[in-house]
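Each of the next two complexes has chain A plus one other chain: chain B in the first, chain C in the second.
The block that comes next holds the complex of A and B.
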């Protein structure tokens, strides 16, 4: 039971990170119908950049993160939208899918050339100690990760539901045409979601890279997990992607321990296929109506 | 119709039917096909074993790309498991031959059938839903297959794979020698091309044209869009399996990394570069993926990056791919004269 609860906490902690990445993915989809196949690479790259900043400026991981964040907001938020997404939107979602897949390959191969093919160690935000709490053992790193992720998720939810800009973003996500009629600057809101996504993936990189290590091929696994979280939860709803993230994290951790560690990523895939079979709109999503 | 829909139709309307082609265009098209065939037949006399190997690889790759082209070019759905289906074809045929002593040709047929069945089983849930669910499911499936190949080492040989795969012989005529194997892959490519060509001309292919022109109308006329799309996916997967049964004896070993997700993504780029929905598209795409890197050796590990950037630029400026240039040329230099086509263009 002690092992089970420890695994559960670890699963919830990694799940929280998947949730962050999946929420960014879902936001992009909602506001601009961008299915970002490079989402995993968007997490892999800042991990490396934080490492480079640390060795170049000889600073700790947090200051390095603070330097990396604005760079990522500019590159993966602003430039990604302006250069790649915006020109392709009029052509429907198909070319955009191909373009983000191309981007994913470019980032992955680029990272391999710049930082090498080996996994580099990445420091924890806090030291990795084990604490005991009435028989339940949990690592401080897991709890910190969970704490940071929850603060961000709650902050994001409050922002989206309580502030004017947040509600305008939600309105844009639900129905851009009506939002425009209501006088919302839709383009600006779409840009905000891209910036949010860039921020979320950078935080995701800070939290996940200690356990994944910085490796050029991380994006493949992470991107897949983020898609699965978003689809399992239902990616037309932010809360769907959130819950999906936690679910995937838990299933992955429990499955790896109790069934087979070689098949770690297989368990979420099976869940994904089941969800698509029986509830394609996702466990917590809403059905989309077909328009002609 | 809104402007974006217009543009979308412009991209997707990559028509294969050649109604209204001028005679000159016909001559050019068939002439270049004959020239290509003659070139492929005589080339082994002028190049060494290595280039014959590269060209064999081109032919095998093109078969798998043809499968994906059926899916993307006609049904407009992205599949990201072409590598996995090649893996299924390669492993099933190899293991049947090596462990059970099954005849190579029988093993090949079994492997293709297995690929088709698995393709249908994967496509069924994903294609019931609109959108790019197939892309996600196939992405996951590719990962599953590679995990299986890596972990189940009592069957698959694990991460090391299977070495020393023998090349088959036909009626006692061994295909071991590179030139012979090259001609063998060429014949296989011809069979695959004829199959795809026949399918596109069949009522099945015409149904796809109707689907692409106006899905809602096609459906209202009683076309079961899902089952047609599923069929395209199953056959496309079958062709990948077919290509897999050829790549194993060509490179003489199989291992899980040959079939990982990156491979599937490469196939996607190939089809896009060649021009999806064009018969010649996969041949051109496979050329970019397998032959061109040989000439651009200096690019080395940067090649895939250039390839990806090239695809992004191509999509941005020429959404129809390289084979789409042919269509542009036809529009510019070979005026279409039939009144029916004029009417369609004005519509």
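The block that comes next holds the complex of A and C.
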């Protein structure tokens, strides 16, 4: 039972990070129909940038993160939208899909050239210890990760539902055509979601890289997991992507321990297949209606 | 139109469409002030496209749109809203997961003034008690008729002088259609100019003041609703001859 609870907490903590990444992914899809197949690389790159900042300025991981964040917002938020997404949007979803796959390859190979092919250690935000309370063991690093992720998720949810700009973003996500008719500045709302996504992946990098280590190929796994989380939970719902992220984190951790760690990456795929078979719109997704 | 009619909106030789497809082939129409005018025409005549052009959502290649003395041809939807035009498109145009209240609030985006928006929401609630009653419920749970009320209420939040409404009756029961038409007439009596597209041309024309007939992206006929309704050619073409079950475009 003690092991179970520790695994569960670890699963929820990793799941929370997947959720952050998946939410960004879902937001991009909702507001601009961008399926960002480079989302995993978007998490891999800031991990390396944080490491470089740490060694270049000889600073801790948090200050390095704070320097990395604005760079990411500009390059992976603003420039990503301006240079890659905006020119391709008029041509439909598919060219954009290919373009983001291309971007993923470029980032991956670029990272290999710049930072090498070896996995580099990445410091935890807090030192890793096991604490016990009433018989439940949990790692401090896991709890911190979970805490940070939950604060961000709640903050994001409050922003999206309680503020007018947030609701305008939600409205743009739910129905950009109607949003435009009402005078909502759809382009600006789309830009905001790109900036949010860049912020979310940077936080994701800060939290996930300690366990994944900084490696050029991290994006493959992470991108796939975010993609699966979004599909499992429901692509067209922020809430869906959140829950999908948590579910995948938990299933991965429990499955790896109780069944076989060799199949760690297989469990989310089984979940994905089940969801696609029985509830293709996702556990919390909305059926999309298309009028002709 | 009769030369004595007070015209609020005039399009001159509009040519436009989507990408390379041209749908409006030199459309010139005139809409009388503070009246209810219904646009009819066969499928693909460009009715909805004309509305999109009027609201700044279409590539207009040439021609002009004049609203009450202002050239609004090149304006975007935001600017049209600020010039007193509102648009209720065909189909479902609410945000189903947001509350009725928050849906209504979006009607005021172009005011850029939240307190004023909230004051006006109270006025809309007076006109639409059902929306007030259900202000906290998810808009997606409203009935089809209530959703249309919400859309019209949302458009009225801006107190527009010119309302474009595309097939308000679609998917509504006959009683709700009647209620929606009654509401539009009430708005007209308050001085709002309404331009409406309707598939059910006969019923729509019977409550309208004027009628406009489009055919292949051009004006085919206009006049008082009675004149249009009683025109022999129109009767044969649109009112009895062909039954349109599909939506426009």
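For this structure, a couple of remarks:
The criterion applied here is as follows: the second predicted complex is superposed on the first by the 292 of 292 C-alpha atoms of A that agree within 3 Å, B and C clash if a C-alpha of one lies under 4 Å from a C-alpha of the other, contacts with A are read in each partner's own complex, and residues count from 1 in each chain.
Here, a contact is a pair of C-beta atoms (placed from the backbone, for glycine too) under 8 Å apart; a residue touches a chain by one contact, two chains touch by 3 or more.
Because the structure is a prediction, the values reported are computed rather than measured.
Annotation for chain A, partner touching more residues between chain B and chain C: B.
Residue contacts after overlaying the shared chain place A:276 against chain B, while chain C stays out of touching range. Once the two complexes are overlaid on the shared chain, A:70 sits clear of chain B and of chain C alike.
In the superposition on chain A, A:147 makes contact with neither chain B nor chain C. In the superposed pair of complexes, A:164 makes contact with chain C only, with no contact to chain B.
In the superposed pair of complexes, A:182 makes contact with chain C only, with no contact to chain B.
By the touch criterion stated above, A:174 is placed in contact with chain C alone, chain B being left untouched. By the touch criterion defined above, A:155 lies against neither chain B nor chain C after alignment on the C-alpha atoms of chain A.
Residues 55, 57, 77-78, 81-82, 87, 89, 91, 93-98, 102, 105-107, 109-110, 114, 154, 247 of chain C are the ones touching chain A in the complex. The part of chain A that touches chain B in the complex is made up of residues 35, 37, 84, 87-95, 97-99, 101-106, 108-110, 112-113, 220, 224, 227-228, 231, 260, 262-263, 265-266, 269, 272-273, 276-277, 280, 290, 292. On the chain B side of its complex with chain A, the touching residues are 3-4, 7-8, 11-12, 76, 78, 125-126, 128-130, 132-133, 135-137, 139-141, 143-144, 147, 150-151, 216, 261-262, 265-266, 268-269, 272, 301-302, 304-305, 307-309, 311-312, 315-316, 319. On chain A, the positions that touch chain C within their shared complex are 164, 167-168, 170-171, 174-175, 177-185, 286, 291.
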